[in-house]
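You will see two complexes here that share chain A, one where it goes with chain B and one where it goes with chain C.
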Partner chain A sequence: MQRSRVRPHPAALCCMSFPLSLTPFMSSALTYLGPPFNEKDFSPPRPNSTALSLPSAATRLELWHGLENQARLAQNQKAYSVLLAAVRELARSTLCPALKTSLLHFCTGLDGLLGSISALMTTLGYALPPPSANMEMRPTMNDFAKKVEGFWILRELQSWLWRSAKDFNRLKKRLRG
Partner chain B sequence: MANLVTSLCCVVLAAVVVAYAQRRSQLVARNQYERMGSDVTMQCGSLDNDASVSWKVNGTDVKAQHRLEGPRLVLNEVDLGHNGLYSCFQNPHGERRDTIYLHIGIPPRDPTVTCRSNTYPKGFYCSWHQLHPTYIPTTFEVDVQHNQRSLEVQKDPDHKNRCRVRFPEVFSSYPYKVNVTAVNALGKASTTISFEESSIVKPDPPERVTATPIRFNARRLEVSWQSPATWPDIDNFPLKYFLRYRPLIREQWQHVELSDSTSHTITDAYAGKEYIIQVAAKDTEIGTWSDWSVAVHATPWIEDPLPITSTTEVDFPTETKTSPIPSSNAPQKAEPPVGRAARLLTFFSPLLLGMLLLFM
Partner chain C sequence: MVLVKGIMMILWLLLVSLFCKSTQDGNGQESGVLHCGSQNLKLTSSGQMILLTWEDKPLCSAVQDVLIYELEVLIADNKEHYDEVAVTPDQIGSTHSWNWTSYLALECTSHSVRLRSRYKNHTSPWNQKTLPGLETSRAEVYPKDKYFKVGSTVTFCCVLPAGVVFGKMYLSEYSSADMNTTRISNQTYALTVHLNQASKYSCTDVICELNPYVVYGACAFIGYPPIVTDLQCETRDLQSVECHWTYKDSSLPFKSPTEYHLLESPSICAKSPETSCSQKVRVDARKRNWTLTASNSLGEVKLSDTADLTKRVHMYPPEGVTASSVNARNVSLEWKWTVQQYYNLSLICQVKISNHGENTISEHFGVGLNFAVLNDLIPNWTYNVEIRCRTAQHFWKWSTWSTNVNFHTKGDVPDVLDVWMQVMDNQIITIWKVPLANQSHGHIKDYEVTWTKTTERERRNRTKVAPNNYSLALSLDTTVEHIVTVTARNINGSSSPSTITIPSSNPDRTRVNTSLIIGSNGSFNLSWSASPTASCGYIVDWCPTLGKCTVEWLKVPPNQTNASIFSKNFKDGLRYTLSVYACTQGAPVLLQRSEGYVGEKKIQDGLFKSFKGQQQDWDYEVSWEPISLREQTAFIQGYVLYCLDYNKKDINFSTDNPEATSLTARNLKIGSYKFTVKARTAVGECGATSITATLNSLTDDLNLIKTVFISLATVLGLLSLITIVCYRHWTCIKETVYPPIPKPVLTSTGEHGCRHFQVDQCHYSEADIMDVPELYCSAGAPINGLVSQENMPFVFSQTPKDYYNQPLKKCTPPPLTLPSMAIPSQSGLPSSSFRREFPNASYNLIMQPGNQQSNLCPELQEGTSLERSSDGYQPHDHTETFTTNQTEEDPDSPMSCVSTYILLPQSSSR
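So, the complex of A and B:
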């Protein structure tokens, strides 16, 4: 597929530098989840539900280096689509009003980020992947299982924000050079 | 007849070999490790309980408090002074029956373990140490786990008590678990630490920091540096920098944070004052700041107060020097301003003298 000759507006790439920092938000979310989630070094096993649906930011270094621009953007686009839906669901099911507000506010940021990525892909002439089907009916989970899932969603979100910063830095260099 | 002779020879030979082997086993010392403060029993070979033996340590009599129980030597509440080569001799003929090298020590305590990545994203290293000495040889076994997989660990060839691990993947959400077990002849102890990839990233300090005055600018200093050589991929994993500077006469630092730049011009330096400057580095997203770089001293350009004639065009040497410790007092520049002025004065002093004489 022929790559578009249009150079993305530098502003589009500038937007990719992250004002979204998850750290202060993460600690309040963990406090809400309560022990043992807010304990140092706590790491529960990852539930199959997230492992299957939530794309992992982790990748082998050589693979990450070798990603083509389109694949790199597509991976980000897919990840944030899933994460946005997951965080929205977390916000919906949260009983604590302060956390609900924070989560929804964060969703706005994620939505904007997703929009920027999609816009950049369109500018570069890459097809946007079709929106994934709504998450299948999940088996009913007990409260603890829901918390573990929430924990992993936030963790994976943190990893993706960190990875995206590096992804966009690489994209910037490749598109300029 | 010949067969008999051969058999006899074989028997004699066998006897000689056995005797020699017995003597050899007595001469080869075996090691015995015992805990400090305990009572120690040393057994003389495989002699019967009613055997009578005498003991020597390093060739001399055993002076420490002890008692003899047949073929056994019992030492009480041993300490490092009891270390030595103990030999036992069977009475009454004094044949040496055994040699024991006694080592007093203590079992290991839980080691202290820290891990760090200064070569992100290639890998990380873990270091450990014992807070208390054990006095006997102690080895360390290291095991690293990530996402339920064991990672390959390599001993660091340049550093004692350190090992290196390659990151199996980057941007991982799973923590790493490092277990270090200290083992010696008296026991073992282990420590496990757990961390996320992002939290251990700490680059080495920036290198080749230089600070140069800018000609005709009395309040400026041009600072530049390089990213640490150990950071493997500066293009894809850029660093941001933190610069701090102060005049030697002041205690308070000025700070500047810079992204994506390895140089900076200080524009608010006090004219004529010597400055000390340092730089630190950090990955743009994760981890912690490096240690401060080696300190650089520099003084901004000073306007020469005396008129310079064409024959005395003095080249102002650039005033840069690196020092390992940020010392505030050592004047070590090649040609300090005072020295330069002094040189000019010695040229002009005959003139001044002449003028003084005129006015007298």
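So, the complex of A and C:
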């Protein structure tokens, strides 16, 4: 990662410590989806929906490491903005009140993370990526398709959170150094 | 040409005749083919239902009877269903319709319907319409997002794009036994399932798994129609009806919540999980049906409740409860009603007064009741009150309790003290109970005690007692009665005086019998006879029987002659003395006294002090000190003595006397015993104390002495008997043993100077001349000697029991042969003074007086018997004989002689 010439604001660095824990939330969401979604090896086809039109978190590691800070932060920013919108929609369409509350609570944390990334990019002098496509034009989906989409949103979220946690730790070390 | 014209004519005639024929039939049918048929077929669908509409052809108007339309449904070109529609002549010409619901979703595969008419065995050709199945680029499962009742059987299908290989179909949470998969066509597979369980999660997933593994699916919502019971309607504000019900989860809580409508109103009154709703109505005094409609995607349920709402008023609780006027012992409460109509109702209100965990409820009545006065409160006390109300008529339900209201009453002077007295060590202790917080009505500053003799009431002694002391010891003259008065003082003033009269110490007054009592459940149940002197009731006091104590007491009203005595200080196994006094205008009078345990405890082992035992013949007596009361943790009812011998055989001896201090075990045998004494109590035998002892034979010193005396007495008796016998039969004995010898006549001038004398006159007897030695034996001085007469030995022997008449071998000296020399007899001399020595070279036979012990024959072969005989006492057997004849018959046999016998030669003159 290229060394930045501008030192980030301490507050931005502070927020880079990863505050989100997906495990309990993931567990309750999968319980709501029920079997076979909560079974270990279940893997429905990934829908090609707007809610999942985010950068893949499955980029090979060496390619990912080869990217510059700006590119990676931009991808993070884009991914979380898409995921935040997807989780909000998931919360809106969820009928279970307890899960709805849980999803909305998670959205708050996700919003904070997105803000931190934006602040960091601004501090480092990087341009923010354009906002994600509007999700209001979604086609009507059947309930099973919604469950599959929700399942994939959670899976993508999990992958991105894992990747970002490592990224930010590395970035924090470099910037402090 | 003419020929051609002729042929044309024939054909024309034929056609005309044919037409005429057909016209004659009048039904437009010819050769089994019906020309009346359907036209304008339209096949539509709704869900899984197919709807066919058609019209009759114009030719059908000629039909004058019922026309039948035959319909066949083909699913994926397979004949699935057949049906007929009858059309009456009056219906001909109108549009006909027919519907049928497929077991498959119509997207699954093509559904075709073909139709033909039939009239009098003539049928029209088939007319067919088809609804094609869904053509998809990816696998799909149908039907999607549908609701199903638990218990129904449903078929799902998986539609595959061309070239995709089917794997399997299943429902999550269902077992394969409930499912059956069939192939409908190349691209369609069906799964038929009996739905026997409701959806547990968001929905039940119908999964179509391809090969290789990819899954597609659909949601199925499996649940129940609304299950609603127990509808109950009431009014709270007299302006609307409020209904309540219970419902069971339909398993469709989120996707299709149950909606409730009240009184057939189109607006939704409530949604599950709500179980109540209300609606504005005109409340009047008449019975009405109150109807609730509950519906969800699987069905609808109606319930109704018949009620007159004026009799079902469920009031709201009072609002704004306040304590408007607070005094020491009463308070006024006020509140408001949120519903104005309540002010016109006759109401009952309950006020719950909470007082340190104790609740009391008072009821108040009135029209539009909005206040209550509470009396008999404790001064300086915090209360918590809450109020609920209901209509006085037609009780339906109480309102909920209002919010809590706290208030604190004003202070007051302390309550009268509860005073009692205790006499201890010549002191009178006036004691009073610590005033409780609800009695002191404020912080106690001190107590004032006054006392005076009853005869000198004007002279009062007075003292103050600190607030943390609750007794005062007074050294009073106990010969006269005293009056003691105690008051308590707080910031509000002094309590009313509490007076007690101390009785004079008249012993007669305290003379009552003491009875025993046993408590139960940690208390004593005491009863007594009513006393006419008990004008102000009774006082029961109690204290441990032993040691110093602080007396506790209980005052009992005059009409009560029993009491349950309980104290937190009671201990099991401790003896208490309980006294009942009559409360009189003067001094209290002792009526009865009891001693007992609130609960008996087993007495600890080692109860018996100075525990010892003593053998008495074949008995053994154990004894102990009297048992002190301090040691007794239960009433002793008696004692048990256990004797455990070496064979572990247990014998017991008991007594029912609790005062006993010894117990004797009887008829024991020689051996070791463990003697254990236990006290018998109501809680079992206890206080065991043991001692181990060995019982000996009776050959100890004392017994030996006894035995000797008894034996000696026996021997003496025997000897006396023999002496008497011998005396009586002396002549016979003498004849036998000592036959008469002729009297010689001596004429000699011998050396002895006895020249002329008669034998009778001579001192020397015949025996002297015969050289027969005379042996003098005295009683009690055994002499063992050997006497020979004509070579026949006489053996004198005192033989021990079992050893008499046995030959004495080594000890036996050779037969004593006396030299034939005349020895003057000394028979005339007393034996005590007789002392004569025989000049014999071989034997020096010394004749000693009877009281001197002979030393002859010091050695005997049978040493044991000899030793015993030498002790000076030799028991004789009654079989011992003295036979003189024996010497003549058997010179070798020994002859026994009783030492007390004195054998003297008899003078022939006799």
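In this text, the second predicted complex is superposed on the first by the 164 of 177 C-alpha atoms of A that agree within 3 Å, B and C clash if a C-alpha of one lies under 4 Å from a C-alpha of the other, contacts with A are read in each partner's own complex, and residues count from 1 in each chain.
As a convention for this text, a contact is a pair of C-beta atoms (placed from the backbone, for glycine too) under 8 Å apart; a residue touches a chain by one contact, two chains touch by 3 or more.
Bear in mind the structure is a predicted one, so any value in this text is a computation, not a measurement.
Colleague: Name the chain, either chain B or chain C, that contacts more residues of chain A.
Modeller: Of the two chains, more chain A residues are contacted by B.
Colleague: If you stack the two complexes on chain A, which partner ends up touching A:Ser43: first (chain B), second (chain C), both, or neither?
Modeller: Touch partners of A:Ser43: chain B and chain C.
Colleague: Going by the contact rule set out at the top, does A:Glu156 touch chain B (first), chain C (second), both, or neither?
Modeller: It touches chain B, and chain C stays clear.
Colleague: Once the shared chain is lined up, is A:Phe144 touching chain B (first), chain C (second), both, or neither of them?
Modeller: second
Colleague: Do chain B and chain C land on any of the same chain A residues, and which?
Modeller: The answer is residues 43 of chain A.
Colleague: What does chain B use to touch chain A in their complex?
Modeller: 121-122, 167-175, 194-195, 198, 235-238, 284-286
Colleague: Residues of chain A touching chain B in their complex?
Modeller: Going by the criterion above, the answer is residues 18, 41, 43, 46, 56-61, 64-65, 152, 155-156, 158-160, 162-163, 165-166, 169-170, 173.
Colleague: Quick check on the complex: what are the chain A residues that touch chain C?
Modeller: 31-37, 42-45, 95-96, 142-144, 147-148
Colleague: Could you list, by residue number, the parts of chain C that touch chain A in their complex?
Modeller: On the chain C side, the touching residues are 138, 141, 144-145, 172-173, 199-207, 213-219, 253-255.
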